Amino acid sequence: MRREKQHAVPPAERATPDLDSGKYLVMWQGPQHPGITGNMSLRLVAEGDTVVDCETHVGYLHRGFEKLMERRLYMQNFPLVCRIAVPEPDFNEYCYAAALEELAGVVIPEKAVWLRTLSLEMIRLASFLMWIGGQAGAFGHGTIAQWSVTMRDYVLDLFEELTGGRIYHMYIIPGGVRGDVPAGFWKRVLATMDVVEKNLDDIELVMFHNAVFKARAEGLGYIPRDWVDQYGITGPNARAAGAGRDLRKDSGYLAYPRLSFEPLVGTESDAYGRARLRLGEMYQAIDLIRQIVDRTPANGPFREKLPNPLHWKIPAGETYVAAECTRGEYGFYVVSDGSDKPRRVAVRGPSYTHAVSVMERLVRGVNIADVAGLMVSLHTYPPEIER
Amino acid sequence: MNELATRLAGRYGARDWHDQRKDLAAATVDVARIRDVMAWLRDEEGYRHLSFMTAIDNIERGVFTLAYALRNHGTGHGLIIHADVGRDDPKVDSIHLLWGQAWTYQREMKEWYGIDFPGSPRVDEEFVLEGWEGPPMMRRDFDSLAYSDATYAERPGRVTHDPAAHMRDRLFPEAAR
Amino acid sequence: MSDKRLKPAPLANEGLPPEERGLFCDAAPREYEPARGAWENFLNWARSESLWLLGFGTGCGAIELRPLMTSRFDMYRYGIQPRPTPRQSSVFVIGGYASVKTLKRIVRSYEQMMGPKFVVALGSCTINGGMYWDSYNTIKRIDQYIPVDVYIAGCMPRPEALLAGFQELKRIIKAGDGEGQNEYARNFDWYKANQKKVIKDWNMPDYNW
Amino acid sequence: MEPTLLGRIGYAFVSLFVITNYGLLLIGSMARISAKVQGRVGQPVWQPYIDIIKSSAKRNAIGHGVMFYLGPVFRLAGGIGTYMFIPAVFGSVVFRNFSDSGDLLLVMYFIFFGQLGMALGAGEGGHPYSAIGVSRGLAQMTAFEVPFALSVIAVAVQYGTLDINAIVAAQQGGFARWTLATNPLAVVAAIIAFLGMSGHNPFSVVIAPQEIPIGPPTEYQSNLLGMLQTNRAIFNGAKLVLYMNLFFGGATNIVAMVIKTFLIYFVNVFVGQAFPRFRTDQSIRFFLGVPTLIGIASVIIAVI
């Protein structure tokens, strides 16, 4: 059964129930709660089993990145930026590096373009694998989580071989990438892709054809098409609602214009539709990685010579570089005042809208049991909200 | 995109239009008209997607420069609208009725810069901080290191090299000479 | 249970509004005498062989707990398993840096755990601030606020490092040195002073049962 | 010869000791089996023992009033009571426990008893998740008791007795005489009900870690938790033995008992690994649907 189409109201018109009436139960989901993504908390007001009101509370992971970046040299910021979104640091690295290159007028060599695309697609696959585990786990299906997180680990092994880091890679640096491809790497990439694809087939069989999963996920957290613009929803959440927007196609950065793929568009943006779409994007990522393996130039420089990073002054200017991460539009807005430190770096994380405004809107009328599943199905990630 | 520049300049007196990329431009408008500009861009010009809002502390000029990043999904063109507001007692029109997520950014700016958005829902609540005493921390005149040293206990024995000096002496000695 | 009866000095609970003070327990924590000899060794062996983590991902270190508890590095082999409630868990894994807002929850959760309880702190940020040494919102060393048994350095520590750290924790417990609870009770005032110095809006009981 | 009452009590302790250890080992081995499904090695088989020792060895514990302490006591009493009135091994003197004529009704009552006591105690805990878990548990219990009771009625009608010993005796003499063969519909309904009773997926709504961590026992710790863990073993064993007696021809020796109960429990774990979790309303709707119809059909078959 589908939920009837809700109409978006700005949160100003939010009807807050009077808690003294004794009809409602106020409880906190999180931060110490297995059913919450990352480290944030929801203040739920429940009437019986149904949530009637919700406030998201973020900031448990606030480290003040944007303040710290203003205190550091452009190069010194690289260890920082990748820690803004832990499951997929490469998007931070790419956006920051691309912004600096654009401001400084650096052109990266051909091979670096392909290696960056490879790294982005691999981390997309890894992050989705982690997500599908969370989605299944939120509905109590631990087996899928066990399988998929292990598959993610195999992808992380590739990263470890390519960049030396499991979680934080710091591979994409201004002027190109940090290192070349090790010998025999492509063979192992393809082998891992085969393993992951085989496991994805199993996961689809067990999870998506499962009556119980369908009963839980269908109609949960239905996002109407007209919310997409109203709430600034991007990524799979918007594509599942029928808005065929994929920055990889639209703004065509890196090697994506030269790769053959079509953004997937769904019809129903409920938990099940979004999960289906993300599964499709996983297969798509595997396909893209195979294309990249075929077409990456074997030799050639992988990094542009940069001026001494100590005195690397970037001419004054501002730019906003956005990339399509697994959750939507991920962007870095960098303002330079001509000195060797950035004047302002602002991070646009897709969870910013998904986890706060959209979540608070969607969770009303949802059964308490489904809050965790709804939260995961939006694929939110707190650190990019609070930075 | 230049006809948009002329229209924007004609209707709202937008200044210093600047094409950063072929798909990204920036312009500055008067802060009093920011809501009109936003509504017009959203409804008439197809810039229906609000990417983000933020502020830049131009302490030298004594202003906060607001930045509203919009995106036209039809043409794939991005537009950043700037507006300057004075650093002392800044007040800006809220646009939370135009976009459903704008109130969150405004709440963030209120907490991080002290820019007030009257009428924006829950704008006075704490956003990421809790029990924060002291100035809005994203202002340039707030020193993070001094606050950290004064507040949090340091583990003895940590040698803090000046990173620039460390890079000069250890990592890039050839750059030093 | 006996703790309810003998309370050393009732806590003030000044953070709470006066009408709520009666609702919370105002007993300060007290030390517990370990049992004697072989019996205590046996109990320590049991404690070390069934470590129940508190499922509270306080920082980015939590992302490596996911692989740790899944098939690749299967921590169930070593008798380690996550528990969703602090009442039943005996090991608190501090996943990296702790912002002030999280520290408040860390203190609450830690005090709600039943002793003997152990703390494993991940990442350089918990040791000396790590790369957030100049951040205005993250504490620099966690052992100012709760007693820590094992540090696992790195950013982030790999699952293998975590396993090694847990083995070290087991060794400590078996040796009978995992007395963090008593240490916390002994230096309760000092810990509280540190916590209240950082947590500006102290609106919870002084000791959360 | 018929042992004296004192002797029966002593034998009861022996059989209780046996079933406790068997239940613990069963839980441990099942955890290991599900780990294999997930591609893991899994915890040691004796992990439940260590957990119980650890929980009981906690140095401090907190309480929320008398009912809070009585909750696990009731639960344990329910578990032991359930087991005490079932003949674990047919014809054996030691494992006969206190099963006498008409004990089936008593056992049915005891299966409820523990849950109700737990509900009272957990409600006293005062944690909202405990309250939600209790309401979920009781709601689902009322649902899965319908097919279960129907199948039990079918068995009682079929064999014309409420004495478990008699029921087992009637099933002796080969597979063809088991209830599984004579009235399979009753077995199907009862097995589906057993999924809900043992709280495996997709009916693990009571302790749903991602939703209400972790339901009724949220506030229970230390020795109270140890008591609950012990009871989990005993109660599992008791229910398995009951099912074995009612539907699978009982057991004439301890080996047959182990094999049969292991297989019955294995079905649960097997299903639990392959399914997510129902919502509470969905699980109730499920139990009152097809399984209830099957149960009614089984009663009709038994009558005619």
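Labels for the chains are A, B, C and D, by order of writing; each one numbers its residues from 1.
One rule holds in what follows: contacts are C-beta pairs under 8 Å (C-beta built on N, C-alpha and C of every residue); 3 or more make two chains touch, one makes a residue touch a chain.
Because the structure is a prediction, the values reported are computed rather than measured.
> What is the graph distance from chain B to chain D, where chains are linked when they touch?
Steps on the shortest route: 2.
> Comparing B-C against A-D, which pair counts more contacting C-beta pairs?
Answer by contact count: A-D.
> Averaged over CA atoms, how far is the centre of chain A from the centre of chain D? Could you give it in whole Å?
For chain A versus chain D, the centre distance works out to 44 Å.
> How many angstrom between the C-alpha centroids of chain C and chain B?
38
> When the C-alpha atoms of chain C and chain D are each averaged to a single point, how far apart are the two points in Å?
36
> Calculate how many whole Å lie between the centre of chain A and the centre of chain B, each centre taken as the average of the chain's C-alpha atoms.
Spacing between the chain centres: roughly 22 Å.
> For chain B, what residues touch not just one other chain but two or more?
128-130, 137, 142, 144-145
> What are the residue numbers in chain A that touch two or more other chains?
Only 33-34, 59, 62, 64, 67-68, 71, 146-147, 150 qualify.
> Give the residues of chain D that touch two or more other chains, as numbers and ranges in rising order.
Those would be 38-40, 209, 213.
> Every touching chain pair, please?
Contact pairs between chains: A-B, A-C, A-D, B-C, C-D.
> Give the list of chain D residues in touch with chain A in this complex.
Residue positions touching the partner: 37-40, 128-129, 132, 201-202, 204-205, 208-213, 273-282.
> Under the touch definition given earlier, write down the residues of chain C that touch chain D in their complex.
Touch list, chain C to chain D: 1, 3-4, 32, 43, 46-47, 49-50, 55, 70-71, 74, 76-77, 79, 81, 83-85, 87-88, 90, 114-116, 181, 209.
> In the complex, go through chain C and note every residue touching chain A.
54-60, 62-64, 66-67, 70-72, 82, 84, 86, 97, 99, 101-102, 105, 109, 131-132, 134-138, 155-156, 158
> Considering only the defined contacts, which chain D positions touch chain C in the complex?
Within the complex, chain D touches chain C at residues 31, 35, 38-44, 47, 50-51, 53-55, 57-63, 209, 213-214, 217-222, 225.
> Would you mind writing out the residues of chain B in touch with chain C in their complex?
Against chain C, chain B makes touches at 128-133, 137, 142, 144-145, 147-148, 151-155, 158, 160.
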